[in-house]
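Take a look at the structures below.
Shared chain: subunit A. Partners: subunit B in the first complex, subunit C in the second.
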Partner chain A sequence: MADTAKIRFEAAGPGGKWGRGREILFRLSRLWAWVFLGLMIAFFVVAVPVYNGGSVNFLTVRNSQNILVAITPVLLLGLGQTFVIISAGIDLSVGWVMSLASVVSALAVRAAFNAGVPLFWSVVISFLAAVAAAGIVGFFNGVIIAKLKVPAFIVTLGMSFIVRGLGLLWSENTTVIGLPPGIRAYGNEALFYFIRGEGGGFYFFAPPEISGDMLRRMDRILPYPVVITAVVVAIAMFILRKTQFGRHTYAIGGNVEAALRAGIPVDRRIIQIYMLSAVTAGIGGFVSTLRYTAGSAVIGDPLLLSSIAAVIIGGVSLFGGAGTITGTVIGALIIAVLTTGLVMLNVDAFWQFIVVGAVVIIAVLIDQSRDLIIGRRKPGRA
Partner chain B sequence: MTRKHVIVALAAAALATAAGAASAADKIKIGFLPGVVDPFYQVMQIGVEKAAKELGIEVVTQVPPTWGVEAQTPILNAMVARGDLNYIITAPTDKEQMVAPLQAALDAGIKVITVDTFLGDGDYVNGPVKFPISYIGSDNVEGGRISARGLAKAIGGKGKVYINSTNPNVSSVEGREQGFKEVMAKEYPDIKVIGPDYNLDDQNKATQQTAAVIEQNADLAGVFGTNVFSAQGAGAAVVNAGLGGKVQVVAYDATLAAIESLNKGDVSLVLAQKPFDMGYMAVQFAAADAAGVTSLPKRVQTGFAIIDKDNVKDPNYSRFIYKAQ
Partner chain C sequence: MDPILSIRNLTKRFGGLTAVNKVSWDIYPGEVVGLLGDNGAGKSTLIKCVSGVYAADEGEIYFAGKRTNYQRPIDARREGIETIYQDLALANNLDVGANIFLGREVKRSYLGGLIKTLDERKMLTESETALNSLEIHFPTLTQPIESLSGGQRQAVAIARAVYWDARLMIMDEPTNNLGVPEQQKVLELIRKLRDQGVPVILITHTLPDVFAVADRLMVMHRGRKVTEKTTAQTNTQELVQYMVGALDDTKVN
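Up next, the complex of A and B:
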C-alpha cells in the first residue's frame, strides 16, 4: 500500500526506548475505526434486548441486511470521494450528481420500456445513461480543476448548483414516475431468500410463491443494491491498491510537485479521479431509482455530508496521501449501525448527528496526532 | 356525590378496567413515523399518544430530521427489523417512492395506516395501491379551494397571486395546489396565479423565493403558503418587504407563528387541519383492526377550521391551533 503516512513513520526510525509504545499507538490509530465499530455493535447487541424486554434483537439476519442496504447510498458516494480526498481534493457535487443520475436513469428506463425494449435491456440502458451523464459532469469538474487550476472546493460547489438545476429541469420539478412495474424487483429483491421456521429453507435467486405467515418469516439476503455496491467496492479496492492509477492517486495527494517531477501525468489523473467520483455517484443514483421506483432530483442532497463523514471516519486524511476503501466502508457502517441501533432503542434518531459529529472530530484529531506519534524531529538531531 | 352517582362512577370504573384488561390481553405495538419535525406532526403525536395511553398500547415514535425518502426509509426499515411492531402509522414522504419500502413492511407482517399523505392516488379501494388499512387525512383539494376563495375575497377578486409550496409529488400539498388553481381558473378569471415554487420544506428558502417574486411583481396582491414552512416563510418575506397587510397571505396550517401573523394583520386567513384527530383515530383503527373489525373505512376525511381575525379568539376555533397541549 503506497501510504505516505506509513512511509514517514518507517523513515522516522525506531526512536529509542519509546519506539515500541509509539509503534503500538500508531497501529492502534489506524485501527480505531474498527475498534469503535466493534464496540458499538457489542453495545447494541446487549442494550437492545435489555431495553425492549427481550422482544427485540439487534443482530438478526433481517437487521444485518437492513444495515447493508442502508449504507448503500452513502457508501457509493463515499467510494469515489475516497479517491478524491486521497488526492488532496474534495468533490462537493456528488450529492447532486447522484440526484441527476437518478432522474436520467428514470427517464431513460421509462422511455426505453415504452419504446418496446424488453425490461432487462431497458435497465441496462438506464444504467449506462446514469453513468454517462455522471461521467460528463466529472469530466468537466476534472478539466477545470486540472487545467484551469481552480480549487476543487469552488469548482465542485459551482458544478453542484448547475447539476442541481439540470436535475430539476429534466424532472420538470417533480418525481419522475410511471416507470415499468418490474423495476421494483430489481431494486428490492435479493440473491438469496431464507424462510425461518417450519417449512422453510434457503432459496436462490427467485422467491418462492408464498404468502401469509411464511412470507412474514422470509428474510431477503443480499438484496441487489447490496450486490451492486459490493461489486463497486471490490473494483474500487482493486484500482486503489493494485493499479498504477491508485499509486498515482496517493502520490498526487502526498505531494503534487514531487508527483509531477516523478513523471506522473498529474492533469490526466485528476480528470480521471473526478470522473471516477462522479461515476460512483451516478451508480448511486441508478440504484436509488431502482429501490424507490422513481427518479428524484433531490435525493442525493442530504447524503453528501454523510459521505464525507464516512470517508473521514474511515481514516482518509483530509491532508491527502493516506486512506483506504476499507476505511470508508467502516465509516459508512458506523453511521448506519448507529442510526439503526438508536431506532431500536427508541431513542431520538437525532442523537446520531451528535455522535457522528463527535466521531468525525475524533478521527481528524487522531489523524493530526499521527505526526506527534511518528515523532517529527527537529533539524540537527540524529 | 349522591349514592347514585357513586354507583354509576364505580360501574364506569369497573367497565373501564375490564376493557383495559381485555385490551391488555391482545397487546399490540405500533410504530409512528411522521414526515418531519414540525408543529403539525407534533400535534398529531399528541393525538397518537393520548389514544395509545387510553387503550394501553405501546407506541414507538421516530421523527425523520428532514423531509425525504432517504431520511424516512432507513428509519422505517429499522422499525420493521425490530420484529415486534404490529402496525405502522406513517405519513409517506412521497406517494410513489415509499410504496416499495412500505410494501416490504407489509410483507414482514406489519399493517400500514397512512395519515396526512397517501400512497398511489389515495384510493385504497380502487386505486393502484390498495394495501394500507386506511388513509386518514384532510381533503387537501377542498382545502386548496377554500384557501383560493378566501384569498380571492381578501384581494377583491382580481390581481396576481403566488403559490409557495414544499415538495413535488407529495400528495398533501399537491392536492392543495390543485384545488387552489382549480377555483382560481373557474371562478376568478381576473386573478393570475404565479408558481408554485418548491422550497423543499425549508422555511428560509420559502422566504427567499417569495422575496424574489415580490421584487419582480410590484402588483402582487396575494400569497398562498401551502403548509407550515411555506406559510411562515412566505409570510416573513411579505413582512420584510414592508408589505404586511397590503399583500394578503393565506396560510395553510395553524402554527403559533401563523396565528401571531394573523393577529398582527400580516396574514388574513389561516386554515387549521385536525392532526390530533388523524393521530388519535389512526391508533384507534389499529386497535379495532387487531380486535377483528373488518369494516373500517378506507378513507377518513378529517375537516378544517378556517380561522380569521374575527374568530381567532373564539375557543371553538382557537382549540385547533397547533400547540403543545
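Up next, the complex of A and C:
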C-alpha cells in the first residue's frame, strides 16, 4: 500500500543537529580572512605612526592607493587562477603569459602608432593583441589538459617555459621601448583628482596646467590600472556567481564524474577555464605595458607564486569545488597590506616573504580545520 | 502489457571471462524488480550494458519497444534510463537545486540573449516541486549537499531522476552505508516511484530490502540467470541457495 506520509529528513549541517557553538565556529572560520585583514590594518594604523613618531600614517589616500596599484598585477593573475583552482586544476603558466602579453602589447602599440593609427586605437589594438596572444596560450593549455589528459601541473609548467622563450625571442631579450609617449597617461593617470590646500579642488580627470607645488599636493584617487582591474574583478565575479559557466566550474571541481554524468561538456569547459586564466594574465601584461611605457619579457614571473598565494589565502580549496572572487581580492589585499605595512615599519624587505609564507600555511590550516568542524572527508587525492 | 525493458540473450565477455551469459529478462512498467547475486555474478555488467557503459557482445536490448544502441551513458539517460549510484552522481559542493538542474541549468536572457544568467529562483521552486511530488521534505534547500546525510543525498538523486522524467530507474545498492531509519526512507521512496508508474531495478545484496519493496526478482550466478520469481513465491533461504549456486532452475536435477 502506498504510504502517503511525508518523508521527512531531519536537518543536518548548520542550524540543525550541529548546535550553536559549532555553527558559530564554522561561520567564523569562513570569515577569518576578513577578520585577519581588519586586524592587520588596525595594527598598522596604530603601529606605523608610533614607530615613526607620528610623522607617517598608514591609512592615507596615497598609501591606500599605493596598495591598490601594487595588487593589480597579482590580482589579475589571481582572478583567472581562481577559476582554474576551483575546477581542481592549477595554472603555472600565468606569470610568463603575462610577460608574453606585455611584450606583444608593446610591439603592437608601437607598430600601430608608427603606422599612423591614432593613439587611442593603437591602445585598443594593443589590448586586443595581448588578449589574443594570451588566449591562444590558454587554448593550448586547455586542449592538452582536457583532450590529451595530461595533468594540468605538467602542461602549464611546460607551457610556462615555452611562453618564456617566445617572450624573450620576440622582445629580442631587451625591454620593448620606443612606445608612443602618450600611453603613459593610460597607465598612470586616474579617475578623480583631489588637490589639497590653496587653489586646489576636486577634478574628474587630470587637471591641466599644474604647478610643481600643486602636483605635490595632488592625489590621484582611482589610478587607471585600479579601474581596469576593478572592471575585470566585477566581470569575473559575475561569471563565477551568475552564469552557467561559473556553475559548471564549481561542479567540475566538486565532482568531475557527476559533471560528466550530468552531461556537462567538461572538456569544453576546461578549455574555456584555462583560456580565461590566460586572458586575465594577458590583461595584466597589457596594464603593465601602459604603466611602465615598455614591454618586458620578465615582468610576470615573480608574480606567479604571489597570485597563487592570494588565491589560497582567499579560501579557494586546492582540492577544487570551493572559493570566491571576493576571497581572492581579500587574499591579494592581505599580501599587499602586509608588504606595505612592514616596509613602513622599516622591517627588512626579506621578512615579507617569511610572513607571507606563514600566512599561506596558516590559511590552509584554517581551511582544513573547517573541514574537521563540519566533518567532511577530504577526497583521497593530492 | 508490453515490457518497458526487454533483454534478449545478452552476452558480454571480458577476454576469456564471460561476465554475462545469454541472459533474457523483461521489466514491466510500474514494478520494482530485484536483481540479486553474489559478487562477480554479473549483475553490474548486465546493468552497465543496459545503461550504455558497455556494449554487449551478443544479444539485444529493447527499451520501450525500440532496439537500443547506446554509445555512452548520456545516450541512455536521454532516453530516460537513469542509473543511481551512491555518491557518484552528485556534486557535494553545490546545493539541492543546483544538483537537480546540474548540466541542464535554467537561464534568463538579457540584451537579446547576449548575456545569460542562472535563474536560481526558478530552479529552487522547481526543485521544491520535484521533492514535493515524492513527498520529500528537507529543512532547507540552499546549502551544499555535503552537509546532508547519505539518505538525503540519495533522495536528491531520485528526485532529480523523477524531475527529468526517468522511465526506468536503476539503483545500485541504494541502502548501503545508510543508518536504519534512512534505509526505510529510501525504500519508501522506491515504493513511491512504483506508485507513480516508474519501474525500478534494485541491485542489492540486502535480502530484506528485496522482500520489503520488490514485486519480482531475478538471481544471477556466474553470469547466468539462475531463477526469476515473484517475491511472494520465495523466501530468504531459497534465495541464498540460488545466489551461491546450490539451486539452479536452468539445470535439470
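Just so we're on the same page, the second predicted complex is superposed on the first by the 356 of 382 C-alpha atoms of A that agree within 3 Å, B and C clash if a C-alpha of one lies under 4 Å from a C-alpha of the other, contacts with A are read in each partner's own complex, and residues count from 1 in each chain.
The rule is simple: a contact is a pair of C-beta atoms (placed from the backbone, for glycine too) under 8 Å apart; a residue touches a chain by one contact, two chains touch by 3 or more.
This structure is a prediction, so every number in the text was calculated from the model and none was measured.
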First (subunit B), second (subunit C), both or neither touched by A:G263: second
Which of subunit B and subunit C A:L25 touches, first, second, both or neither: neither
First, second, both or neither for A:N188, with subunit B first and subunit C second: first
Subunit B versus subunit C as contact partner of A:V69, first or second or both or neither: first
Touched partner set for A:A322, first subunit B, second subunit C, both or neither: second
Which superposed partner A:Y250 touches (first subunit B, second subunit C, both, neither): second
Touched partner set for A:V150, first subunit B, second subunit C, both or neither: neither
Residues on subunit A engaged by subunit C in the complex (per definition of touch): 2-16, 242-244, 246-248, 250-251, 253-255, 257-259, 261-264, 321-322, 374, 376
Subunit A - residues contacting subunit B, complex: 52, 55-57, 60, 62-63, 66, 69-70, 73, 173-175, 177, 184, 187-188, 215-216, 218, 288, 291-294, 296, 298-299, 302-303, 336, 339-340, 343-344, 346, 348-350, 353
Contact set on subunit C toward subunit A in their complex: 73-74, 77, 88-94, 98, 102-105, 107, 116-118, 134-140, 143, 146-149, 151-152, 155, 185, 188-189, 191-192, 195
Residue numbers on subunit B that touch subunit A, as the complex places them: 60-66, 68-71, 73-75, 77-84, 94, 96-101, 103-104, 107-109, 167-169, 198, 200
